[in-house]
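As written, the chain order gives the labels A, B, C, D, E and F, with residue 1 at the start of each chain.
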Amino acid sequence: MEFFYTYKSIETALPLVDVENAKFAILGIPFDGTTSYKPGARFGPTLIRQGTVNLESYILDYDIDLAELNIADIGDLEVVAGNPLQTVKMGIETIRELKEANPNVIPIILGGEHSMTYAPVKALMPKSYVVFDAHLDLRDEYESNPWNHACVARRISELGVEIAEFGIRSGIREEVEYAKEKGITWVHAREYSVERFKEVVKDLPEPVYVSIDIDAFDLSMVPSTGTPEAGGLRFWEVIEALEWLVKNKRIVGFDIMEVAGMEIGDVTALTGAKLLFYFIGMMEKFGKP
Amino acid sequence: MEFFYTYKSIETALPLVDVENAKFAILGIPFDGTTSYKPGARFGPTLIRQGTVNLESYILDYDIDLAELNIADIGDLEVVAGNPLQTVKMGIETIRELKEANPNVIPIILGGEHSMTYAPVKALMPKSYVVFDAHLDLRDEYESNPWNHACVARRISELGVEIAEFGIRSGIREEVEYAKEKGITWVHAREYSVERFKEVVKDLPEPVYVSIDIDAFDLSMVPSTGTPEAGGLRFWEVIEALEWLVKNKRIVGFDIMEVAGMEIGDVTALTGAKLLFYFIGMMEKFGKP
Amino acid sequence: MEFFYTYKSIETALPLVDVENAKFAILGIPFDGTTSYKPGARFGPTLIRQGTVNLESYILDYDIDLAELNIADIGDLEVVAGNPLQTVKMGIETIRELKEANPNVIPIILGGEHSMTYAPVKALMPKSYVVFDAHLDLRDEYESNPWNHACVARRISELGVEIAEFGIRSGIREEVEYAKEKGITWVHAREYSVERFKEVVKDLPEPVYVSIDIDAFDLSMVPSTGTPEAGGLRFWEVIEALEWLVKNKRIVGFDIMEVAGMEIGDVTALTGAKLLFYFIGMMEKFGKP
Amino acid sequence: MEFFYTYKSIETALPLVDVENAKFAILGIPFDGTTSYKPGARFGPTLIRQGTVNLESYILDYDIDLAELNIADIGDLEVVAGNPLQTVKMGIETIRELKEANPNVIPIILGGEHSMTYAPVKALMPKSYVVFDAHLDLRDEYESNPWNHACVARRISELGVEIAEFGIRSGIREEVEYAKEKGITWVHAREYSVERFKEVVKDLPEPVYVSIDIDAFDLSMVPSTGTPEAGGLRFWEVIEALEWLVKNKRIVGFDIMEVAGMEIGDVTALTGAKLLFYFIGMMEKFGKP
Amino acid sequence: MEFFYTYKSIETALPLVDVENAKFAILGIPFDGTTSYKPGARFGPTLIRQGTVNLESYILDYDIDLAELNIADIGDLEVVAGNPLQTVKMGIETIRELKEANPNVIPIILGGEHSMTYAPVKALMPKSYVVFDAHLDLRDEYESNPWNHACVARRISELGVEIAEFGIRSGIREEVEYAKEKGITWVHAREYSVERFKEVVKDLPEPVYVSIDIDAFDLSMVPSTGTPEAGGLRFWEVIEALEWLVKNKRIVGFDIMEVAGMEIGDVTALTGAKLLFYFIGMMEKFGKP
Amino acid sequence: MEFFYTYKSIETALPLVDVENAKFAILGIPFDGTTSYKPGARFGPTLIRQGTVNLESYILDYDIDLAELNIADIGDLEVVAGNPLQTVKMGIETIRELKEANPNVIPIILGGEHSMTYAPVKALMPKSYVVFDAHLDLRDEYESNPWNHACVARRISELGVEIAEFGIRSGIREEVEYAKEKGITWVHAREYSVERFKEVVKDLPEPVYVSIDIDAFDLSMVPSTGTPEAGGLRFWEVIEALEWLVKNKRIVGFDIMEVAGMEIGDVTALTGAKLLFYFIGMMEKFGKP
């Protein structure tokens, strides 16, 4: 598939298959043109993939070896520096082509800014959008730009997708009001628990798209993200929620966004890499067809 | 007010007012001449203020927008490198002038070493001193110096102020004995809880000065402080204690000390910045007049 | 002048005057939305200004004390993340207003990406543009964007300004051909000398705008810039050229662009800060009225 | 004892005694030739010892001052770069000579890679091996090398020593099967609690050797270790388990392995240093003779 | 060619061809098991390739666009951690297979430790070995290991290959004597000049293998190499020597070794990447068939 | 000699002798309480000594092996944080005791701040003081403190010692006037050459004390010093001057000051370490008795 721009990136430390034979297909979107604070999400896909070298392909919790699964890595989208909208459009088209090449494949996006999540959601059109994030991302625009990362959940809401947000600890009044008006449920990091997650998610319509803004985790685990926030979630309380979700809802796509930094072995990327492997493992083990 | 030395610093990412109209006034004290281990607290005020750019001015938990409040930032004290006592004296004088200019203003100090906390306490003369710290800071002197950061709580105790300490996990026998003799209550980080905090604090006389040595938090959240210690507190268990305190006791001053490092976006500074915004927010929302 | 957005930035370690009384006025443009490789030029203005704390205000070479001069610092332009063209337009307007407020003031821009240099050039309309850079910056567009930093010299050329470039060691065939066609002289870093500089510059029409892309220097001096290149210039061979230029040509504006990084005291910023002080010193000492 | 190679290292910030008079003897093994991911464990012993400067010698929890104890520091083993087996052999011989010089001394090893733990275990021949680790370390070989750090628990198992592992969150199927076959109990980090620890450990035969692979802790506390893993243990839940163990079982040796990095004051080393002091303190306070 | 282990690495930012059609073939050898001081050469191949994203594919000096050439990238050798000899053997075999697949291809090795250079030299059997290095690398063994990086020139000398070394500023008496005995010419960094280079090299027999230990450059340009040394060479004085060599001698292989570090955009890797592009460019422009 | 405080430091990678038998004795003074800009000189002695592990003990240029010389390392002075004068006094006393123990020994001081150089000069009372520095250090006081590092050459001048300074590129008018008045020659970095050095130094009275403020070197070689300055000296042009000086003047003491930072292997420390080895080597080879 010659329309992908793979030469800047790296593959995960896994044996890979062609898209046609894949159950999962990884795509990087190394865009960071609208980052508000700490730049470097452009290196997220490379750092996460490189970080998988740190991991065993076997997931102890599930008795699943990712090296035995059918996973494709289609490289990185050719982004347009300084133009989020055009990059998103290319992302939509790419994911559509991916699904045409293999309608059963589950796309896994590695960011890059959260703004890029619009691409898989638009291409896959789930009924629900479940997101872990420190931020509501419900602004109408930010710095005059509706395609800023701080607006992505609003844009997705405008597609008619139902939204539930977890780990929230930052937002503005306008976003709170919008959420109220549109019936978007969000759970503050202070009130988050796996039980609370289940209560909120259990009635969401299927299929579901799942997005992880890495800043949902505590800033001590993800120091190299665009906008790190104190008071975040811990690893297992996200994994346990995802396990429940995967068992109970059909998932059509997944992403890990906002990993940034420039250092190989940065804990932000290692957290992202481990999450990637767990997600694939739990989908294989428990995934609802 | 020409006695402030502002040109080395930066202002927070907030609209500001004059001291005369302010409810809160921020002052940096970038002194780090007696740091025991990791230097760099001189950059603390700059890094915390710069770190506020990472944050929304709106506090989700309180429905308060700091951009709508009356906050002044009077810059940094002109410190005397290598002379903590002289710097403290200038700090006392500055805070007194600040209170003369506006008797209702609540000073918020950004450090700099913990030794500098003596300045606002001496100037404001609270009845009680509530501090979060990994260290007792009750030494009579350290390296022949009674104005070392490891002695600040002792100096404050000698002013007749009642003291309660939380998050403690380092000290020496002499300090433990002094605390016992003087009736200073301290709670080990292993035994800390918001309930324990309330029990200890509820009978303290008002008004109260509140000091946060950033090393009270777990070293994973604050790697760039003078003496990071494993086994520290987490963000919300400090916030919840502060909320209770603000609701139940009159607060006359607040500080965030020992943020160090040289890197913009260091998680230590971002933790400090978020704490700063939460403190102002909770004072506005719940503060006892 | 309320149209400037100063609260995110910091001032240099100099006593300052109002724009109306200033001979020099510093403006930061913290934009880095189109950076090709290493992000972080958004922190350039803050890091350069902070880096001036490292310096004496007295310039030994000229017996000039910058603390005795009339210098204004008007803060940072409010940039639009992810939109270089809109940011450039605001920059043009701001510099025009600055010149209206004080027609004699010499603007000094601190970047931020090199793309932003279009703003002062367009506002000041010099006859010549003298630039130190590792890159030709003569592309018609880059990643579909004519306002990318790699196109800035081309855009300036299209204004009818004569161009001379020094320290060049990167470009593409298209740029070489464009330079040839338009009579743009460029001197490779391998062939650079102060003598060669004089030969090229001596016949340029006045007034002159001078731009320093910090990557003109050897990558060992400027590790934290967008696209560091080995084989660059050294400090004094740039200073000596600038001294000759300032003595022999009327200068209407100056900038230091592409300082990036996130660390206080990074040598990139310290090189930029020293260059800033030398430029002001030599203008005062030798500047052609 | 001239057989130690001390000149590359540093001593802890404690007053020291000769081996003959010591209750505890510290030995560094700065080997990192088989590290899988992040190198630098060679600097572990230096960084941990240097990190003790950050600490009080008094342990608040035990009312014990390490400065009053008899502790020797015999420097670092002269490692053979790129040859783990030969280095392990030298380690065995060194620890044997140490025990001959003083049969009552308790060796404390600072690593270096986990592979080096074979040396004290072989030299001290405990009945049980209790280890905190993110990894099972039960591979038969790794990269064709049976002396790789990923095989150390297997090698120790082959000595007939009983094994219990805590904090595990990485391994492969072969290791799980080997553990099952040999009756090795391991507790996943998700299921770890001090209660669970006691249940597993209470029936182990004495004496016990205790090994801490620093990667057992959450990666936010130990970013600079060879293979950091998300979802790890926190400081007090390890300390409380060790306290129980020390009270209830005779301990013959202890190590802190896999501290890496190159930065003085790295939180990884500070976590290791604090653990070192706590271990000595609890052995003095509660240690079963 | 399934015998290469590519999944840990990354390709350069160039369009690539198959080995069969290639004029140049890049192979990474990410081994660093015997590094004496600063570890991390395992990341050298990844960091150099990633660093090519910083560069234009067009070489201004030669009017050559690398994007138009036939270059293959065969990934990284599967190294055996902690076993340099076995890794070297696999390297020899791999390069032999590469030459069998395409006898005209010029292998370009990216290290990894300098010890690995033995592999291409043994496989290609040049008559002469021209090396830029801070170190003589003529020890018989180092830490009991004849395959340590400090022995590589000695091992190559034992193959009967003539040797000339440039940029030297570190060695021991034994090495100086060996060089004298075997007629190995070495030029101290203090005495290095392009003229001196030509004098030494002009009589060497062809074909020639060229090796660059990146530590030949001044430590300010290459801070992240295994053993950085002050007083090193600058970029153009190496490039000019290489240009002369390429014009006057037939080259059969080339390598860039000892790039280490963990940071994307580290100047060490950027220096290596630029050297890689220049070497390919000059071979295309001036290379003696 | 129990008056030294050795336990916080590290020894160089050299076999050592007792002070009584030593020709050279190394003393660290890890004081950094008055640092103006970048802190961390407290780690200078540790980092320089640790950096010697990077070096061969054999000096190629002199055919001298430092491992065969009589060198003592007496550890670090116990500094008083925040009190430069008291620390200097202890330094004077220590160096006097050192000379009493062995009148022929040549003290070599590793800093720590330049202020500490007053101690060896006062203790050794040379006739001349030759210093490489970016700064004049001739202020009467700085921040009200006459013992600040910026005053050290002035304090030494007041002892009646003749002074020559090289590599200068920072100072204030007062310092220039003082130098003129007192006949202190200083050579700007722009005008520095070995020839110029010889002209200035040749008539200085003996014996001579030599001080290297590491910031004399270009900031690209010494990024981690208190006040790095662009436009500095290169390694060999300092070494060649020192060689001439050692051959022609009797040297009574030597220091390397202002190495800072927190990272093992930082190029600043490696530059200092190499300079240390060269100085000892040239004293042994050429030193005037």
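Rule of thumb we're sticking to: contacts are C-beta pairs under 8 Å (C-beta built on N, C-alpha and C of every residue); 3 or more make two chains touch, one makes a residue touch a chain.
What you see is a predicted model, and the numbers here were worked out from it, not measured in a lab.
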Quick one: which chains contact subunit C and subunit D both?
A, B, E, F
Proportion of interface numbers common to subunit E and subunit F (over half same, under half different):
different
Determine the centre-to-centre distance between subunit D and subunit E, using the mean Cα coordinates as centres, and give it in whole Å.
39
Where subunit A and subunit B are represented by their mean Cα positions, the distance between them in whole Å:
37
Provide the C-alpha centroid distance between subunit A and subunit F, rounded to the nearest whole angstrom.
55
Got the subunit A residues that touch at least 2 other chains?
36, 38, 53, 218, 220-221, 262, 265
Touching pairs of chains, all of them, please.
A-B, A-C, A-D, A-E, B-C, B-D, B-F, C-E, C-F, D-E, D-F, E-F
State the interface residues of subunit A toward subunit E in the complex, per the touch definition above.
6-16, 43, 46-47, 50, 53, 262-265
Once bound in the complex, which stretches of subunit E touch subunit C?
53-56, 58, 60-61, 63, 65, 218, 220-221, 234-236, 239, 265-267, 270-271, 274-275
Touching residues on subunit C, where the partner in the complex is subunit E:
36-38, 168-173, 176, 188-190, 218-221, 223, 227-231
Given the complex with subunit F, which residues does subunit B contribute to the contact?
32-36, 38-40, 42, 80-84, 86, 142-145, 147-148, 262
